[in-house]
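Read from first to last, the chains carry the letters A, B, C, D, E and F; within each, the first residue is number 1.
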């Protein structure tokens, strides 16, 4: 199977890190395509960044459908454009926040999320509610790092994230940690070994869930509200995104 | 005060209808600017349409900030880009779904929503949950009309919507109706007179709520997660949307 | 339009303060009538005070209906008698807790409430749940002042309230403050300027929401459970409150 | 122990019926005092009736405290004035809606409520939410009888209520019925025998719960928000209700 | 009436303590049978202990049905096997966690639970959610004592539990305490006197609730999902537990 | 990796069917061990059956730990003993209800559950709440078949289940079906092809989720409430289940 991992921001080093995590997680028969869009924000740290990044995500889904991809992972912890992407794709699509939370709920009765910026906590909080995870999420914590600080080898980001995870384990009554940024995709093993608890990182979790869905023959439901978008004209320089008529391929 | 009403789709007849409702609702001293984006979908009937329409909404907020607008109404029942728009704007921003639901909860112990397409019901359902309106929303109903059918003077859309509203009043135990599409902005009075219940339409409700906020001196909080988006580069043909450094003007 | 602002307690200085806030908020064409009942508690600090105060509120609604009032604001943060008042009135009725919370949810992703007495927090908590605001209310705080301390020019109440609001902004992850007592109606501007966040005060918010509803032609729904109370005899010295037969005026 | 059963309306035949149910339920050592207020509505069928009835309830609690009552049952399905009554009383206070729902949740995984008027359903719905019973209450049904029709021996009220209960058992997936009006206090046994399911009636349930609390030595907590109301003046012809200073008797 | 109090663990000293509390609470006419199973864990401190203890609980219900018991109390704060026991029994069954929480919600607007081990908090948390008590439970606290430490007269367990209850009253905004272990059945009076708040202990609460249900003629509903288990073979050394065909005795 | 699939009932034909589904779903490198306990109920159709079946599940987890199993699937839609099993196991454990619901929520915005007996619906309902799936589960339906009817090749069970799934798709507004019984493990493909929607069956979903967790290196958290059960004596013929002291192997 061929699955596509979409980094919704345009920073190549982060795409590389995400790709490494995805490839490490993938099963032998899985072809992993990793990409980032050609347009959009360098990092996603606000609702605004996230909203604009959706265009790039949809660009990549369009390309993926043309290339015959069987499933997709949206590799940003805000899961930008998730439902729109599901409408566009024949196969399944998962976001890494969704993937990480679902997986964490299977190995602990509660988890805490550790993310980068304080202002991003609200996005995670909204996803926790939307995904039905309120009974499992103990706390959402931020280390007050910019996303791209995670790309700076000279920063103390790893130490600070590990320390915040340790505080979560001590104070929150949680049994597992969810890492709240795709830029932390390389840290799960390290922190898990240091703290002795499961640490869930969404890129690898997302890859496995997509493999799960594809191998079970489960595609996005085209019955009802995730059906292909109805064809119509789009104006201006977004006209290239206009949905085309599609034969239902349920 | 100057307030801007943004039709997130690019259909001029709908913008005109929305504008008429907005102008009719506005107080004497309010300057109403009505617009639609230059790029984006002709109508919004899927998560995909909605996701792409956000770009046009943000375009218009950017322009509005430059033009000194004091507040904004996003005139599509999915409230596309609401939180992103709030980050961008100094003044307040409301969506028409949000406006209509809040207002309806003040005149009845429960309301039903009547929208166009069946597949749009899920968007309304997600907003009901996000806005804390689960205790007030009795049911979400669709008449299975395309959005642009509302623009066709020859269609029987008015009759069908009225009929669905009548069913809601009979069967749902609701005391009020919320019209679930900006294209129904001209129908509230008519249906209310026929059915003898309050019928809330979001464009006029949104105009009044923005006037309320502006006249109370209440702007979008720039403390925390709705602060201006941090400045950073955006790639490709979306680079024009990159957030600029901004002096905090709280 | 003529709107009536009802201070449910019988303390004249508080009525005056409430009146000043209401008048300052009202639009040019709005006639504001401010009153307090002739019977009932001097201040509302318990469920018991609140329960008894409802009689005075209903007295004033009865009078208001006779005087042709178009809408009402119940100016105590417990919103005493709100649903009963809605049954009695043709026009809309809002409580200041309800008004403030709805408005605050439009300018921030979360707010904290700052009220007077610790024992009043439970009333605010019950309203937060009833109004669907659990997802928006970060914390309810009390400064342990009696309500009438707010009327004492020699008290340090303003400083203490401001300080508690500052703590809320620092610790609660909230973007806005809701002032939890009608006696704080004069403090919103001051505290907002000091803390740099929106501070919502319910009297002015309530006035604007009633203006909103009246100007939209939205009255309390007389379909279903907010219909006029059925006529029947009342015994003893409450017989004057007995509902009379009323022609439906939907 | 001496417990007082308060019918919040002023209809003597209903008080008699409530009294019979209470006496039948009481344990040998329990002295049951049954009463209705000297002022207030003849029946409670609206939020307005309910709000006014609270005065009579509080009158009777005041008297009960002077007479040394050990506990109270508020015998109207809206539980009018429950928290205010708890503040006033040293001993425990329960409402019959509260009592019936708690008890029903112990003998079935779900119950339906059958009440009189359609417009009363909303009050039951609000109590279901406030008492945490949303997971247990399957449906709230009304037979569209006025409360005092239950007092008319010539009416077909018993047949209609029984029929509605039968529908609930068939259609709602409930294992028990809660009767939603104190005026149905004589029907539980009859309907239970006919339908073969537990039918819970709040007056007897309330008597047993008060006996339970009193015999366990559990009084209303005077720590925090149910403490005696602070002493203060009340104006006008409600001045007699003003709370007096009270020595804490925790 | 004859009621059976089942200590789900096999520690005789704890059974004795539970029995003393039950007998002290029972009404004159109530015959109290106290027992523990002949098989199962010495104490219940994990989901695993609890799961295995259910067998012993069901053994005792089987015996109780043969002996003509009218109702049952399951005297462990995890309420092990509650719904299974209800299926088996003609009469009512309550668990002590359920009993204590329901009772506490009648005398305070909020309670905190104080239990033994930190790891047991999650079981209490799950019960709080299942019983609809989320709006009432302020906090769940543990003193980090093993259950059988409560049986050791030389331990400082009473002091530590009292101290934790005191912290709950100070910090949690609760008006009552729920003791979270059957082994604390002898402490409620003592702690209540020391702290001046209602302290609810589930064994006595459970006895009174069963007396309540039995005297109201309310048995477990045999309509629907708590009907007697369908007869069928069980394999191996659990074959003795196989449900026999039963004439419905509704 | 070696994973163990536990059919909690003792019916061999059902174990065989479950095994076939598991083997078909497993990845090349996965060794699948399928078993049923030597003691316990022939089928699980009541809370009672489920409670007793937990013993057999725990027997098999004990054996699995001795045999070096890396993860477990509990193959009954009530997920019996899930948290107890997690305490006992080093590796991950998932139930098939949990697995199916999580997976279904990734391919549709809502699903309906189709199970066997009406009385089993309540168990599914409780799991939906416990797993946070209330926002996704549209309806729980039963076909009123006994579990072992699914094993009877002459029954019309397949037709009836398919028909109920068709009704769900038509009436419930769901985009996917969750099959609510392990005995339906062979029907997912068939029904999915007939109805054109994703049909999720928990055995295969559980196998893939366990593979996911194991390959991600995620074991059950031994920090906090899922730690190995504390060692202690068990009495009687359950003494063999007593937890032994265990070196933490986190």
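By definition in this document, a residue touches a chain if its C-beta (ideal position, glycine included) is under 8 Å from a C-beta of that chain, and two chains touch if they have at least 3 such contacts.
Just so you know, these numbers come straight off a predicted model, no measurement behind them.
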{"item": "Partner chains that chain C and chain F have in common", "value": "A, B, D, E"}
{"item": "Contact distance in steps, from chain E to chain F", "value": "1"}
{"item": "Comparison of A-C and C-D by number of C-beta pairs in contact, larger one", "value": "C-D"}
{"item": "Gap in Å, rounded to a whole number, between the CA centres of chain F and chain B", "value": "44"}
{"item": "Distance from the mean Cα position of chain E to that of chain D, given in whole angstrom", "value": "27"}
{"item": "Junction residues of chain C, two or more chains touched", "value": "83, 109, 121-122, 129-130, 135, 173, 224-226"}
{"item": "Graph class of chain-chain contacts, one of line, ring, star, complete, other", "value": "other"}
{"item": "All pairs of touching chains, each written as two labels joined by a dash", "value": "A-B, A-C, A-E, A-F, B-C, B-D, B-F, C-D, C-E, D-E, D-F, E-F"}
{"item": "Chain E partner contacts - residues on chain F that touch it in the complex", "value": "10, 37-43, 45-52, 54-56, 58, 81, 83-84, 86-88, 118-123, 126, 129-130, 146, 224-227, 229-230, 232-239, 241-243"}
{"item": "Residue ranges of chain F touching chain A (in the complex, touch as defined)", "value": "25, 27-28, 83, 92, 94, 98, 102-103, 105-109, 130-136, 169, 173-176, 189, 192, 196-198, 200, 204-205, 208-209, 211-213, 215-226, 250"}
{"item": "Residue ranges of chain A touching chain C (in the complex, touch as defined)", "value": "121-122, 129"}
{"item": "Residues of chain F defined as touching chain B within the complex", "value": "109-110, 135, 173"}
